Amino acid sequence: MNYTFDYGWLLVYWPVLVKGIGITVELTLVGGVLGVMLGIACAWARALGPSWLRPFVAGYVELIRNTPFLIQLFFIFFGLPALGLRMGELEAANFAMVINLGAYGCEIIRAGIQATPSGQFEAGASLGMSRIQTFRHVVLIPALQRIWPALSSQIVIVMLGSAAVSQIAAEDLTFAANFIQSRTFRAFEAYFVATLIYLALAIGLRQALRGLGWTLFPRRTAR
Amino acid sequence: DALATIEKDKVIRIAVPQDFPPFGTVGADMEPKGYDVDMAKLIAGKLGVKLDLVPVTSANRIPYLQTNKVDLVISSLGKNAEREKVIDFTTAYAPFFNGVFGPADVTVKDAAGLAGKTVGVTRGAVEDLELTKIAPADLTIKRYEDNNGTISAFLSGQVELIATGNVVAAAILARNPPKKPEIKFLIKNSPCFIGLNKNEPALLAKVNEIIATAKTDGALDAISQKWLGAKLPADL
Amino acid sequence: MSLIEITEVKKRFGDNEVLKGINIDVAPGEVIAIIGRSGSGKSTLLRCINGLENIDEGSISVAGAQLLPDELHLKALRLKVGMIFQQFNLFPHLTAGRNVMLSQMVVKKTPKAEAEAMAKTMLERVGLGHKFDAYPDQLSGGQQQRVAIARALAMQPIALLCDEITSALDPELVSEVLAVVKELASEGMTLLMVTHEMRFARDVCSRVVFMHQGRVHEIGKPEEVFSNPKTPELQQFLGMTH
Amino acid sequence: MDEFTTWDILRNLLLAARWTVLLSLVSFIGGGLVGAALLFARIGSGRIGPTFVKAYVELFQGTPLLMQLFLAFFGLGLLGVDVPAWLAAGVALILWSAAFLTEIWRGCVEAIARGQWEASSSLGMGYVQQMRHVILPQALRIAVPPTVGFSVQVVKGTALTSIIGFVELSKAGTVVTNATFEPFTVYGLVALIYFCLCWPLSKSSQILERKLNVAHRNH
Amino acid sequence: MSLIEITEVKKRFGDNEVLKGINIDVAPGEVIAIIGRSGSGKSTLLRCINGLENIDEGSISVAGAQLLPDELHLKALRLKVGMIFQQFNLFPHLTAGRNVMLSQMVVKKTPKAEAEAMAKTMLERVGLGHKFDAYPDQLSGGQQQRVAIARALAMQPIALLCDEITSALDPELVSEVLAVVKELASEGMTLLMVTHEMRFARDVCSRVVFMHQGRVHEIGKPEEVFSNPKTPELQQFLGMTH
């Protein structure tokens, strides 16, 4: 097969790609920040929260973790309006990513919390801190530090998973690739370029998260 | 030479949609059916070879062709200059009346009236290409992956209007949805073409010949009556 | 008047009665060593006094106030009684200085500048003024334990509970921590310490409590207890460790 | 268009779900084998092995599975290699699973205390003997829960094979929706079937993990 | 003739020269205690003798054979020299008996029945014949350490290296492990042990090596070293721990 690759379309369609990258990055930022916050809240509820709250959080986590992201997205975008809750595609995409990362983050962060030596809780208590104060000032940061690599990987996974939001017409990077190929029929070239950009975004994101880890958590010396 | 291979192997592989009623959809037995499917059957019959139907999506139909996994794409393809650089098109085989549809309480009479509105469309479909050409500056076009997305977006109120084929709109109406898509204006009658790889003059000529015959002997008209409920327009 | 009154305290874990009726009165300024075999209930007793465990029967009062198991009373108690643990339990994500500042700022709402000044003072007091900005894992075990002491002192408690605070330390680091404790004792701090350091108990403490199977088996001045153990259990215990 | 009954919908979705199950099995087992080979290259001594595996993992974990599937199927086609869809889907999913499994397992091997290596060295065991008798038996135990947990991702990952023409559960959902215009029923059922496939896996992963923690204390 | 000859051994970790030229000759049947501050290089020395670390300069020979850093020589060496660690390092997935059998079967290809008999004998020797089928986490620290000794003995080494083998044990469990070591010493086993148990070193060892900053600072009979330390460093070290 002598197919000749042609990247001439890049000259015309680069604004579409740039816009797509922008949306993917924005989705990742919003989803990452709010998702981790939701994850922390849920992890607290599951590990240390009141017992009546735990089954609800557990149900949410199980539901999200055992269904594909795409189906969640469809439900939020096409299903929720039936209940009178209408979101635009970007809000829906953001919302889906937040609740998705929230569920995975919950389990990861919970593991970090449960690995906290009981002495830390006791030290907090013996200094007169309340349970919430102990969680916030004593437990949380080391717990996040413990699971930061796992959480970072999950954020990258969610970023790559965001490719699915093109299905509800959110104009992310995958949408851009699809759009370009639907106009030019240059599918390989469009997907190949998109793949490279995703790879660069993933590597960049991982580095950024590592850097964030360095600034959020004090350096640990060997021994 | 694709035609020689087809005749030698006694089989033709044709890509058809399965998410675009009435051109391509599935029955309860999950077998493809529709205008494009019947067209494929017609061509295979005329060539006297076995038909191998390959269901495709709008995202992968052209790669199927380019990697030689199919010989023809019959997938209500619209034609434009950019696409013509990549693949060849036969003569038109089907009419496509596309227009902008919306609920009764939205008043739009022409393209200019779309200003400030949001229109849903299936990405890469004929109507997407046509609507994009005539769209006023502040029209928001939401492009969905497939027809299903477009319809769901309309029914769930995510877009006020949709641009689609009149037969598609009729299909929605037939299910008596809470929101009825009524015709606002026609965009353009842009016919559909069969796609095939470049540098296949023999196959192109043969398929063009089959289409021409089918137009005159009433075969195509029958397909049109069956799926579109209308005669084949004379100017096709 | 006693500062800490422990009256008929009982504590069960399931079927296991760990404290079987403990009575101890601690006067202000007293330094009490608690000794005994592993599992005799020493840690449990200290943890009950600090409210880390609820007691099943009996009562504990500190500076006249009864120990009740609700957040408010517990907090009030813990402002009066500090605790230091075998495993230091410093907060690993905070510098030494921040470790000492945190509870002041969070619990007492002390303004930052004031908390910082207090932290400096307390770290000086344990000989670690220069380690204000060091993280716990940059400190030796002995230094970490001294920071933990400074952290407890910064809450200005009227008594300190110490649970085997030198047991996790390398032998050569024990003395630096004991020196700090000795200093505190001489300044009049009330101390209850579980310890295996018999020599230290003999030299510094005003009274020694020997616990055995959840009971106070012997109690008295160190000279009496060590030189003249009355019960065979204590005799055996002292023989074993020395 | 109205000939679909709810039973038809469910029947067609369940038939398509067979593909989801088959694909999941193939990719999980194949991914496990490839992942194990990569694991040995990754933790072994030498330069090339670890570097190669690192790059491999970076590539497969750093790009969307969707794009990998697309390029595997059509990219190979462009090179003139005609791979059938099931093979391309299988291969892409296997390579993708392998990248994740090898990382999961590496974490498990590295979680084994250094003392275990040293003790077995000091008893005269060689690298392969240490691996075989000391490290892997322990790593395997802690690897079971996350591995079973990952199988859930594989099941969900198969949803993307529709791009290369596979009519598995998700794609069947889309196709049926287009024929019925009943997205809520159809997607509700699709979600339900996925949940029924995935939840037992997640749950057993959790149970295994709990068992393991208990077993760790007393056998 | 010496059994172990350590000649001018140097070892660096990056810029940090941890061993700065060590010379020790160990005669067969000698029991040598290595003492010194934390970080003085005691563990590193033992690890070099066992080939767990490569040396940068100098030479080590055991029973006349030079220590060379290839698989074959290392394996031969390790059949002659056993090592016991502070953290026991039993294989947690195997029973006590299996722990002792494994290396015999894998390394020496001993048939199973024979390895099992040997394991029984060795576990008896450390007083744990009845724990053959117990998993490590069902044993106390002291018992685990004794299994580790049995495991090393089952390879029939001509010398044993022990690195602070009682430091991770609760005080009351230390004596049971030391009793086993004492027994071995009296049976003529050559022992090199890093230890903090000065009393044990004094009573059991034939020579004491005091390491300081990567050098053998003093070496001699225990009576001399403990009663009459020549250097201020050793004086300080001994004063510090007692």
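Read from first to last, the chains carry the letters A, B, C, D and E; within each, the first residue is number 1.
The rule is short, and it goes like this: a contact is a pair of C-beta atoms (placed from the backbone, for glycine too) under 8 Å apart; a residue touches a chain by one contact, two chains touch by 3 or more.
Molecules present, by chain and UniProt name: A, D = Polar amino acid transport system permease protein; C, E = Polar amino acid transport system ATP-binding protein.
In this text, all values refer to a predicted model and were calculated from it rather than measured experimentally.
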{"item": "Path length in steps (a step moves to a chain that is touched) from chain B to chain C", "value": "2"}
{"item": "Contacts common to chain B and chain E (chain labels)", "value": "D"}
{"item": "Partner chains shared by chain A and chain B (touch criterion as defined above)", "value": "D"}
{"item": "Most remote chain, CA-based centroid, reference being chain C", "value": "B"}
{"item": "From chain E, the most remote chain by mean C-alpha position", "value": "B"}
{"item": "Whole-Å separation of chain centres (CA-atom averages), chain C against chain E", "value": "37"}
{"item": "Chain centre separation (chain A, chain D; CA means) in Å", "value": "20"}
{"item": "Geometric centre distance via CA averages, chain C-chain A, whole Å", "value": "45"}
{"item": "Residues of chain A touching at least two other chains", "value": "1, 3, 74, 78-79, 82, 187-188"}
{"item": "Residues of chain B touching at least two other chains", "value": "59-60, 63, 66-68, 152"}
{"item": "All chain pairs that touch each other", "value": "A-B, A-C, A-D, B-D, C-E, D-E"}
{"item": "Footprint of chain E on chain D - complex, ascending", "value": "113, 115-116, 118-126, 129, 133-134, 137-138, 141, 216-219"}
{"item": "Sites on chain A touched by chain B in the complex", "value": "1, 3, 9, 74, 77-79, 81-82, 86, 88-89, 166-169, 175, 178-179, 181-188"}
{"item": "Chain B residues within the chain A interface of the complex", "value": "58-60, 62-63, 66-68, 80, 82-83, 86-87, 120, 123-124, 128-129, 142-145, 149, 152-153, 156-158"}
{"item": "Footprint of chain C on chain A - complex, ascending", "value": "117, 119-120, 122-130, 133, 137-138, 141-142, 145, 217-221, 223"}
{"item": "Touching residues (chain side chain D, partner chain A) in the complex", "value": "58-59, 61-68, 70-71, 74-75, 77-80, 152, 156, 159, 170, 173, 183-184, 187, 190-191, 194-195, 198-199, 202"}
